[in-house]
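Order as written gives the chain letters A, B, C and D; numbering starts at 1 within each chain.
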Amino acid sequence: MTQIQNQDTDLPDIPKAPNPVGQTLQMLWNDKFAFVSVVFLLIVVLCALFGPLLLEDVATKQNLRGRNAPPFDFSASWPYWLGGDALGRPLLARIIVAAQNTIFVAAGAVFFSLIIGTALGLVAGYTTKTWSQVIMRLADIIMAFPSLLLAVIVLFMLDSSVFNLVIVLAITRIPVYLRTARAETLEVRERMFVQAAQVMGASTRRIIFRHILPVVFPTLVTIATLDFAFVMLAESALSFLGIGIQPPEITWGLMVSLGRPYLTTAWGLSLWPGLAIILTTLSLNLVSNWMRTALDPAQRWRLENVRKQNG
Amino acid sequence: MGDHLLDVKNLSVDFHTTHGTVHAVRDVSWHLERGETLAILGESGSGKSVSASAILNLIDMPPGEITSGEILFEGKDVLLMSAEDRRQLNGHRIAMIFQDPLSHLNPVYSIGFQIAETMTAHGVNKGQTREKTIELLARVGIPDPDTKIDAYPHQFSGGQRQRIMIAMALALKPDILIADEPTTALDVTVQAQILTLLEELQEETGMGLLLITHDLGVVAEVADRVVVMNAGQIVETGTASGVYHSPQHPYTKKLIAAIPGEGDMAEPLGSGAEPILEISGLSKHYGAFVALDDVSLTVLPGETVAIVGESGSGKSTLAKTILRLEEATGGQALFQGQDLIRMDANALFKVRRDIQMVFQDPTQSLNPRMSIFDIIAEAFVIHPEILAKQHWKARVCELLEQVGLKAEHMYRHPHQFSGGQRQRIAIARTLALEPKLIVCDEAVSALDVSIQAQVLALLTQLQDDLGLSFLFIAHDLPLVRDFAHRVIVMQSGKIVEQGPVEQIFDAPREKYTRSLIAASLSPDPDVQAVRRTALRKMQEAAV
Amino acid sequence: MTRKTHLFVASALASAVAFGAQAQDNSVTVVLSEELEIVEPCSSTKSNVGRVLFQNISETVTEMDPKTGLEPRLAESWEDMGNGTWRFSLRQGVTFSDGTVMDAEDVAHSLVRMKSPDIACEIGAKFFGGIDITSNIIDAHTIDVTADPAQPILPMLMSTVTVTPQDAPLDSFVDHPIGTGPYTFDEYVRGQSITLSANPTYWGEQPTVQSATYVFRSDSAVRAAMVAAGEADIAPNIALQDAVNPAMDFSYPNSETVFLRIEHAQAPLNDRRVREALNLAVDREAFVGTILADGTLLATGITPPSTIGYDADLKPYAYDPDRARALLEEARADGVPVDTNITLIGRTNNFANVLETMEALLAMYQEIGFTMTLEMVEVAEWLERYAKPFPENRGPQLIEAQHDNANGDPVFSMYFKYHSEGQQSGLTDPKVDAMIAEATAATGDERAAKWSALFGYLHEESIADVMLFHMVGFSRVNERLDFAPSIRTNSELQLSQIKFK
Amino acid sequence: MLNFLGKRAVASAISLVGLVLLVFFLSRLTGDPTGLYLPLDASEEARNQFREIHGLNDPLIVQFFSYMADLIRFDFGDSIRRSEPAIDVVMRGFAWTLQLTFVTMSLVVVFAVIFGSLAAFNVGGVFDRIATFFSLIGASAPDFWIAIVAIVIFSVKLGWFPTSGTGTVWHWVMPVSVLFIRPFGLILQIVRGAMITALGSAYVKTARAKGIKNRPIIFVHALRNALLPVITVIGDQAAALLNGAVVIESIFGFPGVGKLMIDSILQRDFTVVMAAIMVTAMAIFVMNLLIDILYSILDPRIRY
């Protein structure tokens, strides 16, 4: 019912400059699922930042005679609580250490594809037909270019390093952002506030970055969080096919793929890192839903503290 | 008690939102008889549509909740019926039409399908529906119904779509038709036709008509009785004529006082001054379609020039062309002697400060993701020569106060304001650039009458204080009558008549102008009755 | 649920049961690890091609039996005519499956064809590289074969030569092989399966297995599952971790030897002490029964124990980290750049658990104090590094490789791996070159002794490389079959040897 | 419409040419295939011979023009690996992939649309929560992991379905089911979102006021409108499958184009790689065209 939102009543006073951090935390607390997810993601990020520093040695300590140790042996030291891998290294410690590469690959690939794809999409959506055509054909080509071939090319010519994998995955994901950004831009550029900005004399750059981008961005961020999951799985699949990251580098996807031969005998080897992937992507999805609401001023009230009275 | 066809008693509806509980309607009672037309009059947010939605079970529960009351249809309380029984009533015994027929018709199905569906949903054999649908379309005045039955909603004009909605609603000859703002988005001439159609159909079928509207003119035209609502409560009931002539409640009085078209008309300005804007021979073609055809006009400093016309007359295209949002096909538009049409980007950037625009829909013209401060201060970001950065805040406060808002509003976002407040923000934004000419494209059309009056008063005051010129584009004649110095009437991209406001309203030369004026509704039921007779005669003469 | 869906489920179960019973009567299904790209008899030393064609479709002139040595096959006898020429007397009454009679012309043609420059025949290149082969037809069933340079083991080499009809093209591979074997090639549905059936006109004993279907699954777990589920009868090659059922799973020495190739020219690997430290740093015992199967042997030479000249007296380097560290220190003191980063290169999917093996090796070397990084590369990239010409600016490298020699004579290995001119040799040692030449020319016990000497020299004196393991393979065999895999299962699968229980 | 088709054909052709150029030169950077086809011990002479036969000794630009010259005559060259025309190899695999894509996507669309619509009809309800939870999990689990677990459980332990391969309808059950999971999760989410929007729209209110029953409101009124954004995503997912479900194909021994592609890439069988890319790219372009046409069928407002 539209009447509710359109009530022409005076709005309650609010403090002069609201503290954005406090406000955000409050909004987060009001969505419990998102809160738990953020806590989980923070733990993952902490693992990524400090895991390799603290646990590198533990995680690479091999014990061939104690390989594939079963999980939940709480008499062992804590890194072994999830069991040991095929070389007797503690799985829990390895998952923590692997968080760094995993997050780096996923975040790096998503970040670069988001930035490049969005930029190209905005240009394609807002400028001349020629540029738009050129960019769209490029997107077609990238989409039809098999990511596997790209991976083999890049990793053959350069090295199978983590950063090069980021390049491969980033390129393959560009069209997603490009097409979305373009489609949204085509729609948003017709909105009246864009015309209002034109009438004020705003430059093309200002219109794109100050007016169109903020409106388009939440959609792209939502896709980006979903893409996180996609990139992690793609990285895992590349490892499975033997053209992704190779040991001694380690990621969750690689761990899943390395554990695959042991599925019938030591299921934990690929289950735990797989679970890490699933939980991370699930959290990202929940956070992205929250963020979509929090980034939209018209929706934000749903998350703001329920005030005692409305006018 | 089952005397009335429909009897709403002590109805209260709440909406539970995270924001708190909103009492949408409180303790509302009214009734409707066969053959009678009852109007529920109220502004947006008054809760005028809620009881109608409750009748048809259109309220989602939750978040909605009916906390008390009963709705008796032929003596039976529909609120106690099963969902299936209520579905049987909908469309069959009680039907409804809505404000915006384009969005209320399913865009992906043919109109024939959608009309026939009403019948099949209530047990009519599929084989008979097509014939009946064609009959209905013919009855509501859709030309060529045999072929148009397979057309889609977007292929019709606004008025035709509303006729289709009516055909759909009346397919099963319901006992009650609820019409929720049926003519709000339509041109005056089309509005008159639709209302006439509704009246005719009511005579034919003897149905009860419940009309929900914010427009006293519509009430005057069709209603027998009227219920006035404000903030969820009924403030006044009575006959249409009784309420208009002797309103009891202060709200009703305020509402009637705000109605435009009754005050003194402005004197034309002396013609000695140099025009600020001088348009000659302006034209704009979209392929073969001519949107603007050789348009010439002038605007003097401090003058308000209104452009009126129906949708498609080219008035908005004119505004966009002047502001270079569209490129003209030919002609020139001299602003202080410089031709806007052929200006290069640099010169245009400079002149942008002087010509501003207020758009029709403030919800869309304000970027929803920017705070009010950012929206207004953007003027200074784009044109830094206006003001040094340290003064921005103070100036924004000043501007907000100038348009009647508070300084602390500047950290909020547009969605936190009502429609009227948003339009003030839009005006504050244009004022930040200190323009000389403001183009208002239907700037107050979307607002409630009382808000319209406030905004127009604000514009008038700004004109007096700052000597601004306005190019005021509107379809609403009474508004123009109160506000403009001069009026330009457009039809199909051409100017058909222009002159001082008094001349246009009191002595229109052109037939088109006369029909426009005749079609606009008077809020006084007695005056409107006279006008109606006159208009009918005019139409008969035309046939 | 409606009755219809009940029926649906019932029929689903019924037909699911039917899969279990699919493998039946006297036909067998074999599941291979990858699809055959070609079905060319002259390339049947490629393991999957061999498992389908070798001795099933196409037979060889002689046959090498790991237990009894060289046996007659299409040739009934042979004698050395001197000067590198051997005379082979062919079996009479042998016909190809297309009905034509097999004679000396066909053998001569097969020898020409396998060396044809227009097709890359695996056998020709692998066993007859650098050797000129000419033949002289004496009569329909007698043929003289001359090798230049002379090959004392020519009869053994002839155990690799598959005989094809004389009309087989010289410039293209065949897509429907025809041979003299106990089976005929029926159909190849690309991407799906190959079917063979018993050859009714076979010259020898009729086999028990009357028809065979080959299917291809790249995943070891799936291959094992297929035999377990009764969809297949033999999975010749499954991974260690899938071999968990003693009733079905057989291990066999698969004639593969894993080692780390060292290029001696690169510092610090040019220092013998460093090479010795590399050998001492590896705890070989720790791999066996963990990452690698029980039964894996520690290697001292590049060929398995079944080869002649294998020196059983050589002792694998024992794990001695202290000694390894001491040697490194010694070398460092002499100015050897022992801290130079060494690249350890492994080939992905080379054998099951290759990754684990390489990671374990890396950890062991780092433990000793080597500066080492591991790179796992796919086969194409691996080849670029493994075979000459070596890439520029490569630095010191340890390259993991797996070498297969099931033919019983080291000659197939030594030249390529250790001769200065060898394609994959990391050595430039005139002494080794000379020893290889001598052993190649020798025969009988002398030959064995000379090979032994070379093995000893490479292992003890030169410390040519890091010898690791003689590997073990696993096959899963349906319990209804009477079949035990052997060392040859790595490259062939003679259906005629399979019986039913 | 014809004009539109023409424009699209030109655009596709440009993309295709760009793709061919890029793939040709980039793939040649991944090394010389000779070593992969000849035995390790092959002599330099034999290697040269091999390169000569396959035209690998010519300068790259010469190779390119001779390839293009053949291509114009629809000759895609011979596969090095299989010594038969590359296009035959590819078409054989592509036929399987096309079927697999078609079957999987049909099921995905049917189920995602039904479940997504029902979830949207009662947002926040039990069904909605369960559907959302499982679709998110499904969309984030590694497929090869699911595939092998499925084989272990359903083929080996329970014996319900064959482990792998092709032949009967039952062979399709597991590959299709595993492939089904991810697009199903994704499309269900999209359907749900689009349906929430559509069910809240004005025309649905009209339908309710007309007394239309719930089922036609969901599946007649709301669904057809909600399908428009969904179709775009369906197209993307189908394109991904057409490009080859490499992992699933290699696990289930499904002779599709994805497995062929990865094998050919690793084996540097350039002609097959090129042919496979061109065929799948064409298929994707055609599919995008079909999607555009479908748009205009579903929504009469869209006319080209």
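One rule holds in what follows: contacts are C-beta pairs under 8 Å (C-beta built on N, C-alpha and C of every residue); 3 or more make two chains touch, one makes a residue touch a chain.
All values reported here derive from a predicted model rather than from experimental measurement.
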Discussion item. Spelling it out: a chain qualifies if it touches subunit A and also touches subunit B; which chains qualify?
Written reply: D
Fill in: Starting at subunit A, fewest touch steps before arriving at subunit C
1
Fill in: Interface with more contacting C-beta pairs, comparing B-D to C-D
C-D
Response to the item:
Per mean C-alpha coordinates, the chain lying farthest from subunit B is C
Discussion item. For subunit B versus subunit D, what separation do you get between their C-alpha means, in angstrom?
Written reply: 49
Worksheet entry | Interchain centroid distance [CA atoms averaged], subunit C/subunit D, Å | 37
Worksheet item: So what's the Cα centroid distance for subunit A and subunit D, whole Å?
Response: 23
Item to complete: State, to the nearest whole Å, the distance from the C-alpha centre of subunit B to the C-alpha centre of subunit C.
Response: 86
Fill in: Contacts with 2+ other chains: residues of subunit D
30-31, 148, 152, 250, 266
Discussion item. Residues touching two or more other chains, restricted to subunit C: which are they?
Written reply: 221, 378, 380-381
Discussion item. Give the residues of subunit B touching no fewer than two other chains, as numbers and ranges.
Written reply: none
Worksheet item: Among the chains present, which pairs are found to touch?
Response: A-B, A-C, A-D, B-D, C-D
Worksheet, complete the sentence: Listed in rising order, subunit A residues that touch subunit C in their complex are 60, 62, 64-65, 67, 86-87, 152, 156, 159-160, 242-243, 246-248, 258, 260-266
Discussion item. Looking at the complex, which residues from subunit A come into contact with subunit D?
Written reply: 133, 136-138, 140-141, 143-146, 148-149, 152-153, 156-157, 176, 226, 229, 233, 236-237, 240-241, 243, 253, 256-257, 260, 263-264, 270, 274, 277-278, 281-282, 285
Fill in: Contact footprint of subunit B on subunit D as seen in their complex
201-203, 205-213, 216, 220-221, 224-225, 298-301
Item to complete: Enumerate the contact residues on subunit D facing subunit A in the complex.
Response: 11-12, 14-15, 18-19, 22-23, 26-27, 29-31, 136-137, 139-145, 148-149, 152, 186, 236, 239, 243-244, 246-247, 250, 261-262, 265-266, 273, 277, 280-281, 284-285
Worksheet item: Which of the residues in subunit A end up touching subunit B in this complex?
Response: 1-9, 11, 13-14, 16-18, 191-193, 195-203, 206, 210-211, 214-215, 295-298, 301-302, 306-310
